[in-house]
Amino acid sequence: MDALLLQLLNGLDKGGAYALIALGLTLVFGTLGVVNFAHGALFMLGAFVAVAVNRLLSFSVQVRDESITFFEAYKQQPYLEIWFGDLGLAVIAWSVPISILVAIPVMLLIGLAMERGLIQFFYKRSHAEQILVTFGLAIVIGEIVKVLFGANPIPVQAPPAVAGPAPLGAWLGLSENLVYPWWRLIYLFTSLLIIAAVFAFLQFTTYGMVVRAGMADRETVGLLGINIQRRFTVVFGIAAIVAGVAGAMYVPILPPDYNLGMNFLVLSFVVVVVGGMGSLPGAVAAGFLLGVIQSFASMGAVKDILPGIDQIIIYLVAVAVLLARPRGLMGRKGVMET
Amino acid sequence: MASITEFNPSTPKKDLLIMAVFTAVVLTAPIWLAPIGASYPDLLQRFAIFGIFAIGFNILFGLTGYLSFGHAAFLGIGSYSAVWMFKLFSMNALLAMAFGIFVAALFALVIGFICLRRSGIYFAILTLAFAQMAYNMAYSVLTPITNGETALTLDVADPRIIDRAILGDAKEALPSPSLFGLELTGFTSFYFCAVMLILAFWVSLKIFRSPFGLKLLAMKSNQNRMQYTGYNTKPYLLVAFVISGMYAGLAGSLMAVTDPLAGAERMQWTASGEVVLMTILGGAGTLFGPLFGAAIIKYFENIFSALNKTQLTEVFGFLPDGMAEALASVSLLFVGEGWHLTLGIMFMLVVIFLPGGLMEGIYRLTARVKRKRESGGAVSGGAVQPSE
Amino acid sequence: MGIFDGKTTRRRVLKGGAALAGGALVAPTVFSRGAWAQNFRNDPGDSGSVTFGFNVPQTGPYAEEGADELRAYQLAVKHLNGEGDGGMLNTMKPLALKGNGVLGKKVEYVTGDTQTKSDAARASARRMIERDGVVMVTGGSSSGVAVAVQSLCQEMGIIYMNGLTHANDTTGKDRRRYGFRHFFNAHMSAAALGPVLKQEMGTDRRSYMLVADYNWGWSVEESMTKVTEDMGWETVQSVRTPLGAGDFSQYLTPVLDSGADVLFLIHYGKDMVDSLTQAVQFGMRDRQANGKNFEIVVPLYSELMAQGAGKAVSGIYGSSNWLWSLNNEGSQAFAKSFGQEYGFPPSQAAHTCYVQALLYANAVESVGTFYPVEVIKFLEGFEFDGMGNGPTLYRAEDHQCFKPVLVVKGAENPQTQFDLLELVQEVPTEQITYPHDLYPGDLGPYEV
Amino acid sequence: MSDIVLDVSDVNKRFGGLQALSNINLQIEAGKTHAVIGPNGAGKSTLLNVCIGRLAPDTGSVIFDGHVLTGKRPHQINQLGVARVFQTPEIFLDLTLVQNVEIAALAKRDGAFHFRPFKSMFKDKELTGEAEHMLEDVGLLRLKDEHTGNLSRGDKRRLELAMCLIQHPRLLLLDEPTAGMSRHDTNRTIDLLKRIKERGMTKVIIEHDMHVVFSLADWITVLAQGAIIAEGTPDQIRGNPKVQEAYLGGAHV
């Protein structure tokens, strides 16, 4: 029972991450009609915003460690600590939450730059060319990060108060063994919040309504004299923010390296397609569905019966869904079918 | 929208010329590739093998427009089948290839039958899913068949039933794949691959020129019209899928012939993605484009990745010391461990400046030159344009 | 191109093609002079230089490790050619090298990217052998690549000095006459960790293993299970996890409820960084189980992984081939020249690669020829010291080095970013030695 | 007794609450041009889709030349001898005109599936000749090697017609063949269809342009709200007050 509850949490947690990445991807598909292979790179960039913020905050006085003679080893004392004492240390410790706030404007700028600088020229081009150019862009972004930050994963801790596990079992009157990391609970909660925010934006603002109308029928909306183009640029920015914030929040769970984006790329495409191209609720539903199924398939009891099932379950589910429902869970007719 | 197709009216005579030139160019590759450091058997083989892979992929993607993101699975299956043929029966390359192609065709038939129930991105994700399942299984639970991470290799103690029956049990050392006694190593092996490439290209040319190929292309353009014109489109697509799967199987078994080893990462999505990139980079739907794309990517992978600081400093040696050093350091971002960066930049540049890939870019450039020459005909002496 | 002029008949084209093909068939022999004319491949002959091939991962998950290996190789080349401070040439015993290259030839090198894929690694190695004419290939950062390149080198008759590869297979089932491994292996890790774990954690423990689902993981799992069960531990469950899973939560939560009190994370590289980071977040380092402190063990440690996992490593046990902070002559000489060259200390991957390059060069210098058969015969059973690990034997039967193994622990309170790992115990060679036929394999012939 | 090519009997079709077709009976005689007209929403397209098997009727049957069409797939229906012209011309945009027509000819000659990858296109002089002849017939020969993307709508329609005609179908279905065309193009198309008429091909035209209908049809069926309200020769229909009320609104044609 406890085990199942924990796996459900794991699944939802994973699902939150999948859904956030897929959300932006499907938004860009639906509105701009662009297959963005660089979307994973946005996720990775978000993670490195967190790394960069951490580095900046913990910028240090270098004190030479004299015990090591043959290379320069430094003991480091961050300026923040020197200037503000414990308060400074606390700020450094909270670098991940801070970086989430930083990531919003930074990712917006990156998103806008990407859309204006490159993507906008590819709206009318074939999907094949979109794939090639965005894949190239993803490689370039990855390599730049590699040059700047190295190829090794970089650890950034969650704030100490939420770095450890939360005693779920004690709260619920269940087993003591039922614990779950605070940060993962926060991640799940925040991803739900972000998803809700994106939906609210599309549902309740006039801006969002125009975008939704544009997703449904771009030409007509364009004929109404609305500058759909500019709104789509903003949509790309939003997709970048969602992916970037998801990446920044993911840092304490998964120390990021420059390859992080590629690792998530395929998965996020599977999520989007299982959800149905161009369907936002579909992407969210598919994200959570695949996350939960993957978690349950990884349980020892399941693996004893079907060895290796956890390695292929996502793909099996994808095949099953696509064969049962031609356009995924909630896909619209005619989107990306040719 | 309209892509350049090789269905531009051609004539048998022109095609014969194409084949002749192509054959000559391929067979003399060791000579003309020498100046750019690509004239060694392994890379030449790779050009040929990945050329075959991309040509085959192009028959599916270039003609029908169905983007398979899981084609590397058939490459891997071809390799595994060929190596098993070597291990169990005979080191004869032709047997191994026949088996590799056959097994790949079987898998392509089943996977294609399922995946072709969908189109567009749904088709792409279905093929991706099958290939990823194949990769993940081959890497782990199927290790008894695939030898997992360490890859399937030959062993002196392998049964090799046919070889032993014919040649006896004499050999102590590990045998090489052979063609009726001719050991396929080094340049011999390259020429074997080259012949296969020429054959593969010829088949592709024939398909491009056949009514079958024309129908595939028409399907890419308008499948609905195709159906109302009286064609049952599914079997056409399936046949195209199987043919391109067989090409992948041929490429995979050739990899095993040139280097008797089969590893799971050959089936990973990145490998499938690579052939997609090759084809688009060169120009999907063109005869030569995929070959170009394959050669360029493999060249980068093998030559650019191998440049290091010492060599670069030598290259810039004619400059003053500090400058040479600085230039070498900057260049180092793009070669050696930075070769991916160059690849990424090249992808972007090609798509931005040569829409439709290298081949279409070349067509456009020549067309522009032609037009210029035509408009300036009086000045340049009015070159006579061959009418097509 | 006269034959294409005018009316081209099929016959003429074929003839022309055949002529060209014939020409091309002849041509290559010109380019690869020496490939077949001499009695062994890539004999440097009278040339004033000799080329080594450094085949390391430059892209992909082990890129950082590959970069460090390459630094070590470049340093080794410097030292061999008599530049720099000489590094371990000052401490190696016995030593034939004179600091004037190898057999008087200047050492040059070519590099390649294995991408941590056996195909790419073999392609790269082939390029080095076929085009660049290297006499020796070395490198690698994973067992799959090591085994693949090693068997290629056997076929090609080129010596392969393994870099970082830890699976038993490399010198067990897949051992090759032309392949040599200085790095330790899964069996040794387990043998070394066993007594230390017993001492630190007692004999009444229940362990849970998360195993990377491929050959290396299984070989560590097998060795580790055997050692721990022999000392009375019980293995509650062993779960295989896919390579590159990223999020390991679904494999970690069952541990909480399993009644286990020790968790083995048999992962390497990024997988280890991820699973360890996450395990610590689940509170596994600080929790109590069965009335004991819950412990995490990472059988194979590396400095780079420790850097990636950051604070999560503190207090976690594991084994290592070498540490830069070891207090012996060889280690200090190497750490010093590496540190002065690059500004930070070398990793164990760098160390093993550096040593391998020197060992090969020394063998050549000793036998006075590059002829691989002689070099192999020299290295088989070669005993040496002063290379950072104490007295070491290259066992003739399986080409595996035998030397003390380090049991290490993540530092509780590291002073700099370079002392993340601290030495717990140096387990002597006798304890980790095993009979060569424990993992049976066939080296193959000397002459190929 | 004249030869009935298409026999639609007692067809009903309902979409939710909407009775799209009620008790439709149509007998289309060989060699005749039969027009179905009606105001928007009268059920013309539904009827056409039922005729080609795309929609299954709730009751009733559609029989073409002794074959039940319902449930058959598009290519099977085509292979039985039914060709179709779409409301917006459906052609192969990436190919040349002559290739477009050749493909249609090949479908007739080789059937629904034919796999001979080593057969060369250009050795098939007969095929090309036939295709070129057809293009000449519709007045597009001079554009034969052009890509179809640049054609005017009228030319696209003519090409589509050529593709249908080269198959010598027993029945040709035309769905608003002049929709969206300029007056000039419309007249040219009418001329072309008239010429075909002389060859004795059976045609069903769905149309609401009266000019087209009255220039071409031998027999007209008028649909309104899913039911047949009148049938007859053009002259009879012209004079039918019910039709005028329902459709023509009293306007002179």
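Each chain carries a letter (A, B, C and D) given by its place in the written order, and its residues are counted from 1.
As a convention for this text, a contact is a pair of C-beta atoms (placed from the backbone, for glycine too) under 8 Å apart; a residue touches a chain by one contact, two chains touch by 3 or more.
Just so we're clear, the structure is a prediction, and the values are computed from it rather than from any experiment.
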Going chain by chain, each one touching the next, work out the least steps from chain A to chain D.
-> 2
Check every other chain and keep only those touching both chain C and chain D; list them.
-> B
When the mean CA coordinate of each chain is compared with the mean CA coordinate of the whole protein, which chain is closest?
-> B
Can you give the whole-Å distance between the Cα centres of chain A and chain B?
-> 34
Just curious, how far off is chain C from chain A if you go by their C-alpha centres, in Å?
-> 34
Whole-Å separation of chain centres (CA-atom averages), chain B against chain D = 45
Multi-chain touching residues of chain A, meaning two or more other chains, are 307-308, 311
Would you mind listing the residues of chain B that make contact with two or more other chains?
-> 3, 136, 140-141, 340
Shared-contact residues (touching 2 or more other chains) in chain C | 63, 67, 213, 240, 242
Chain-to-chain touches, reported pairwise for every pair that qualifies = A-B, A-C, B-C, B-D
Touching chain C in the complex, chain A uses residues 2-3, 6-7, 9-11, 13-14, 17, 65, 68-76, 146, 150-158, 163-165, 175, 177-181, 183-184, 252-255, 257, 259, 263-264, 294-295, 298-300, 303, 307-308, 310-311
In the complex, the residues of chain A that touch chain B are 35, 118, 121-122, 125-129, 131-133, 135-140, 142-144, 147, 262, 266, 269-270, 273-274, 277, 307-308, 311-312, 315-316, 318-319, 322-323, 326-328, 336-338
Chain C - residues contacting chain B, complex | 4, 8, 10, 13, 16-17, 20-21, 23-25, 27-28, 31-32, 35, 58-59, 63, 66-67, 70, 108-113, 117-120, 122-124, 126-127, 130-131, 142-144, 147-148, 151-152, 154-155, 167, 169, 174, 213-216, 240, 242-243, 442, 444-445, 448
Spell out the residues on chain B that touch chain C in their complex, using ranges where they run on.
-> 13, 16-17, 19-21, 23-24, 27-31, 34, 37, 39-43, 46, 136, 139-141, 143, 148-151, 153, 156-157, 172-174, 176, 186-187, 191, 255, 259, 261, 263, 265-266, 301-303, 305-308, 310, 336-337, 339-340
Over in the complex, which chain B residues touch chain A? Could you list them?
-> 3, 61, 65, 67, 114, 117-122, 125-126, 128-130, 132-133, 136-137, 140-141, 223, 269-270, 273, 276-277, 280-281, 284, 333, 338, 340-341, 343-348, 350-352, 355-356
